[in-house]
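Here come two complexes built around chain A, the first alongside chain B, the second alongside chain C.
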Partner chain A sequence: MRKFTAALLAVSLVPFLFQNAVRAGSLEAKGGEIVAQILTNPAAFFYEFQQDLEWTTPLPPGSWGGVQLGIFPVLLPMGYANLSGKLRLHPEGRWFPGMPQVDVYGGYWKMLLADMAVKQSDDITSADFHGQYVGLTLTTSVSPKVRLFGGWKYARVRANLQLSKQQDIFGTKVDSFSSGLEDHFLVAGIEYPTGLNKWWTMQFNYGLTQELISAKLGWSGQYFDLGLNVYPEGVLVIHPTWNFHVYF
Partner chain B sequence: MRVLAKIRVLTAVCGLFLLCGASSAEGERDGAELVSLSGRVDYKPVRDSQWTPAARGMFIPQGGILRTGEDGRAMLLFPNKTKVWLKELSTLEIEVQKNLASKIAVFAGNVKVRVPHLKWKEIFEVRTDPAVLAVRGTEFVVGADKDGNLDLDVLYGEINLHYSVPPEDGSADVQINQGVRYSVTSEPAGTRQETGVTVVVDEAQRRGTVYKGTTAMLTRSQEVAGIENWDPGLSPAQRVGDLVAKVQQRQDMRNFAGAVDRTQRVVESLTNQVMESDFEAGRTLRDVHGNLVRVDQRLMRPDNSSLQLINLVKRPDYSNSDGHFSYYGSDVSNRLDSFQTWMTFNMNVPQNISDWGSFFTNQNVKVNKMIMVAANQTKNNQIYMTGIVAENKQLANPNAANELTDNGKMYFGTVDLAGYNAFAQGTAKSDDTSLSPSTNGAVLDANNNDISGLAWAQRPDYEGGWNYRNPTSQDLRAVITWDAPDNIMAGYEATPYCIGANCSVNSKKVWLSADYFVINNSGSPRKVTDFTNSLSNSITQLASATAGEAVIYVKNNVNGAPDNTLGGDTNYAISGGFTNPLKKNIDIVVIPDIAMAMAIKLWPAFKDVKKDSK
Partner chain C sequence: MKKLKSLVFLSAFCALCPSVPVFSAPAENSKVLTPYFNMSLSEMVNFPSQGNLFTGGNMDADIGLLGTINETNSIFALYNFRYLGPSFYPQDTRQFYDRSLSHYMNLEYRLKLGEFRFRPGVAMTIGKRRTGSNEDWDTGLYNMNSQGAAMAVDWLYELGGKSGVITAKYLFRAVEFPNYTDLLREFQQAGSASELSGGLQNQNFGQFTLRSNWNNFTAGISYAKMNYLNQTVIDNTGVYGDTRQKDTDVDFDFGFSAKWWILEFYPNVEYSLYRSNQNFLRYKYFGAPVGNLTDPTAPVTFVNDDYSYNQLALRVPIDINLGVDANWAVSGAVELIRKNYLSRPPRDSDNNYRLGSTQNDFLTRFTVGLRKHLNEVADMRFSYTFTVAESNNHFEMYMPYNYTGHTLGLAYNIRY
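And then the complex of A and B:
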């Protein structure tokens, strides 16, 4: 159980870490560096995974709503129980010519792994990792197939961990961190269908206060999204993602 | 009589309203206006009437039919601003034209419909042989023939297609979104379709015919055919003129983006080359005095076993307004201050920064020597500097602890560039006991020549002779210590030293004095609470908006305290004979950017760094 705490931080790192670490020639050094980055700004690290589940793309034409469950890497292996929803307020051009499609969206996650850790481990006094986001997307067609979208997003993360005693994580002593992150983001992107009920999207997110930058490349099908999210300043620069969604 | 008069007035008013109403009704012409046409275009007001040539500007009434010939094109404008274009050999009927309902029937040909918007509860429908299209969007093209085949290209928005008779194996309604072509073909009765397609049997109206619907993405040619200009009277080149222009614009943008990308790659390549060899950072901010400051930091590897951190502080103009130690220097232009640290290890530092973490965790790695020097370098031949040299105790005694110690020595003075370099690069020899008297504090270079203007001094707690103690704190070293009222992160300190370790002579006693500030990029001192509120700012962000400032003096000793009297040469650098006419302090601004980068990179190493117990 002593290693359980380390697993909280390290479980998601290992697959990504291994390749780079082997190249660098030192697993411990790379792990220590990553943990240092996490401990420097824990909320930012957990927010990167929140962005993996954030559903900021527009609803496809003809859908008035949808729900999404982030599977990888948020539900597995990070243990984020999560749900996102999206609702179309206005289809493109319905009220007046040129008025874009208007979608609102939001979502919430909570790290069940942390709650389990508190219950099962004597090393962890308390742990609270959760986050939520809301936003609005405007979408306009530049051609029958290509749509541009942009909008605003507000995101919030809480990451609090209190250990009963110091733990050694990749050579770094950790006994607690209490951190949070909240910011207003600008989101802009492009959507292009590759077939019936298939799209690829590319989008950029920029945090106005924290100056966080991320880029998302996604392939969406009728029920699943595959994505490649890039966080240039993040601990793990590239996140492959896999999400499940249903459109109404 | 009065009653009759009132009745007349009311009658007149009502008549006026009726007249207005009639005139208003006349203003809204029935049907759709034929706003444009070319070639042969015919119409008939009702089905059973004769075809007559259509004319531009005429209104096609409800029940009217319009057709185009082999060379004919036409455009209709409905009262709700809906536009309907007919290509050659097309026929349509305006079945319904009411305030909240418009229905047209396409019998044959190709028709493009653009519905700008729909009012609340307003409908716009297009009927074809196999189905009715309810417009839920803005723009689409209908291609129909007399055999019941239909091609529906949805350019923008959504269409709800409703089959005339519900299909046997599914819903009668099909939603078609933009970017999609939905095709309905008619086939002889008795033919059943493969799985996954819509099959419709219109037994009531079209006995013996089976409809088959398929969905596909619009091809590029279909897309172009739909969005090209359908206005009558245009040549083929004119129809696609706007599209060609847009394609050209996109190509221009691609070329521009390609050029930007190539430039960016070149810049990234250069940046990566620099980052591979060094850490570097820079920032422009204001210091605590309000002076504009440019700070440049670099971490370099001057040799295989050394690291050198250089922090350059450049100010176009310098004035000093804050602090607890008097500054009597006049305002200075083009001021340059520097702070550098030179660390020499007992083994080579890895070339790859990624390996530094494991390097510093290696228990066999020791810091043999560390030199820290702060200097006012505004004039190369009059560099005002203070410095400390710390060496590993094990160099002198292998059995000693693996710790750095400065032995309580401080170096200061006004030197030329050669002298400064000799000290900063560690080639200077410290106290010179060969000179007579040794207590003059002279420092020699590598060739045993006296570095003119540079002196060494000893803290009295190491050498004795000056039994100084802070009356309040009983601290041997500092007369004044950290002071932070209202959580302001600022303070000042003065530490006594004796030149040449000669504490028996008052004139050899000096005070290394400094004001310290933690400031933001505007020069305002930060508060502790700025760092405790982690919700609004991350540590890395705070670091990027935070700097440290140290204003350093070497003061004369007056009655056991730094000489801080007004209007005099209170700095030993001046009164002690060193040449320092304008630069009476060292004012260093240090940004934590490289330190943060290194801390993150080298976190595992830093936790084991041994500190000098002194």
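And then the complex of A and C:
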């Protein structure tokens, strides 16, 4: 079933990922369009990839913590060295019946490819791309199978680039940008187990001041997560994701 | 046109109000707090016959909590987030690339006395809208905020062994459009007030609804009245007069859901009568000289009763399950929307009015797809939609009226 669903999702992604290329009539025009969109708000573009690694789902019952490494598309191909962690502060119902599970989480990433590029290229004077996030999740069981979760998240991103000389990227002149983003988010979602150590989740994240909107679908196993993240106002609307995690 | 779009935006807001799920979080005696969660997500790519293809998406999330105090008293809180992205919309409503988001918060006290339930409540809406992804959400021309209260009374009854409910509801909203500006007023009063920011569309909105649900049948009638606080009506002299704008909207709807063997039907029909005392002054270009305002081909033409219309909407979704207990289903739907303006003449491609008829818009959507029950709480849909928009209005510089479109979509829905 999972393979079939993944195949359907992959097929469905094709028009989304390449539609603008078709519209522009050429890959070069498409590239120019994307570059222009990115340069309008560089931090927002890089934050979309940060959201791909943000671990905002609750810990499974019985686990007190966990760590996660975002693999695709954050580590590959974007070059985000990243690590996220999650810690359970309170298991559901321990303090008193009905008291939800309380998790805190956080993570950090830095684009090592940018640092390498600065060292190896004469065209780039400096580059700094990094971000972090922290949050708190409350989770409550509403049936033997269904858990609802929600909470708060704070995230920030820095995206700075300084070139030694102006470059022409798909027709757009670029010599530098310095961009930052931070916001407080409302997170809410639902979790449903599909088997032993397997969960299906759906959640939405909403940035309270920047009006950032995203929705995440996730299929989690014992060690890996497959995801489909949707950024309706983003440069790349749909991101398929693949992350690795370990629970304790 | 902007005024009409604001009316349509308000109509969408009105449509949101009665959609609060009264029975979405049924009380369980064993629970003091009963959460409610409903979220739908769709993403699509649209291929219009005119212009470039584009992607779009919708997101709708409800988060509710029912607090049961005892058998007769409870409190229900609901938060709704809704995002509507670029898509094919009925003519004279939104442009393809428009996107909007809204926050709706409702707090309702429920008192059950015998067969009756009383539900007084307060609500607040924050709505934002923009025409492109680079526009600031906070400066949208049609951004809208509202606050208000409502009182609903439910009569819970049984008929033929089936339970039903009849609901009478009145709601009031004070609606503000903080950024709305009127280009005509700014143009005509440029000497004395070069910019009139906000407030022109502010209005008091009242709506009475009577609705019945019984045995999977639903029917309702609503009457809404919009009293504008500042906006006045354009006189036939081409300038704003002293009469305040007043709009009304009467809606009738009927629908049912039925499951027979492997077939599931959800037909719904709605008929709307929208009336406005507002008129319209059409400028062909900025700075056009005012001459004979009744000349349909003149640079400036006055149109009386430009916004009143009747609209019929019919939707027939069908799911054919691939087996009695199958998780897969073939789905299809037909949607027809016909809008007839009472007085507005259609325009030719040169922006000249063609007298002797009134504008008629017709939108048809045919959808086929697959539905998959992922689990107890979630559905997934793949769909293809063919859209046909027809109108006798052929002036399409700012908004398309005649086009065809193809849409491929992927949607998820969960509900608990």
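Following the convention adopted for this analysis, the second predicted complex is superposed on the first by the 225 of 248 C-alpha atoms of A that agree within 3 Å, B and C clash if a C-alpha of one lies under 4 Å from a C-alpha of the other, contacts with A are read in each partner's own complex, and residues count from 1 in each chain.
Keep this in mind: a residue touches a chain if its C-beta (ideal position, glycine included) is under 8 Å from a C-beta of that chain, and two chains touch if they have at least 3 such contacts.
Since the structure is predicted, the reported quantities are computational estimates derived from the model, not experimental observations.
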Touching partner for A:Ile190 - first (chain B), second (chain C), both, neither: second
First, second, both or neither for A:Pro58, with chain B first and chain C second: neither
First, second, both or neither for A:Met202, with chain B first and chain C second: second
First, second, both or neither for A:Gly150, with chain B first and chain C second: second
Partner chain(s) touched by A:Gly106 [first = chain B, second = chain C, both, neither]: neither
Chain B versus chain C as contact partner of A:Ser178, first or second or both or neither: first
Contacts of A:Arg94 with chain B and chain C, given as first, second, both or neither: first
Touched partner set for A:Gly135, first chain B, second chain C, both or neither: neither
Chain B versus chain C as contact partner of A:Gly66, first or second or both or neither: neither
Set of chain A residues, in rising order, touched by both chain B and chain C: 37, 40, 143, 145, 211
Of all residues in chain C, those that touch chain A in their complex: 32-35, 37, 39, 41, 43, 45, 52-57, 59, 61, 63, 81, 83, 85, 99, 101, 128, 133-134, 137, 374-378, 380, 382, 408, 410, 412, 414, 416
Residues on chain B engaged by chain A in the complex (per definition of touch): 116-118, 136-138, 154-158, 175-180, 215-218, 223, 226-227, 352, 354-358, 361, 534-541, 596, 599-604, 607
Touch list for chain A against partner chain B, complex: 24-26, 28-30, 32-33, 35-37, 39-41, 43-44, 60-62, 91-97, 141, 143-145, 170-173, 178-182, 193, 195-196, 209-211
List of chain A residues in touch with chain C within their complex: 5, 8-9, 12, 15-16, 19, 22-23, 37, 40, 98, 140, 142-143, 145-146, 148, 150, 188-190, 192, 194, 200, 202, 204, 206, 211, 213, 215, 217, 230, 232-233, 237-238
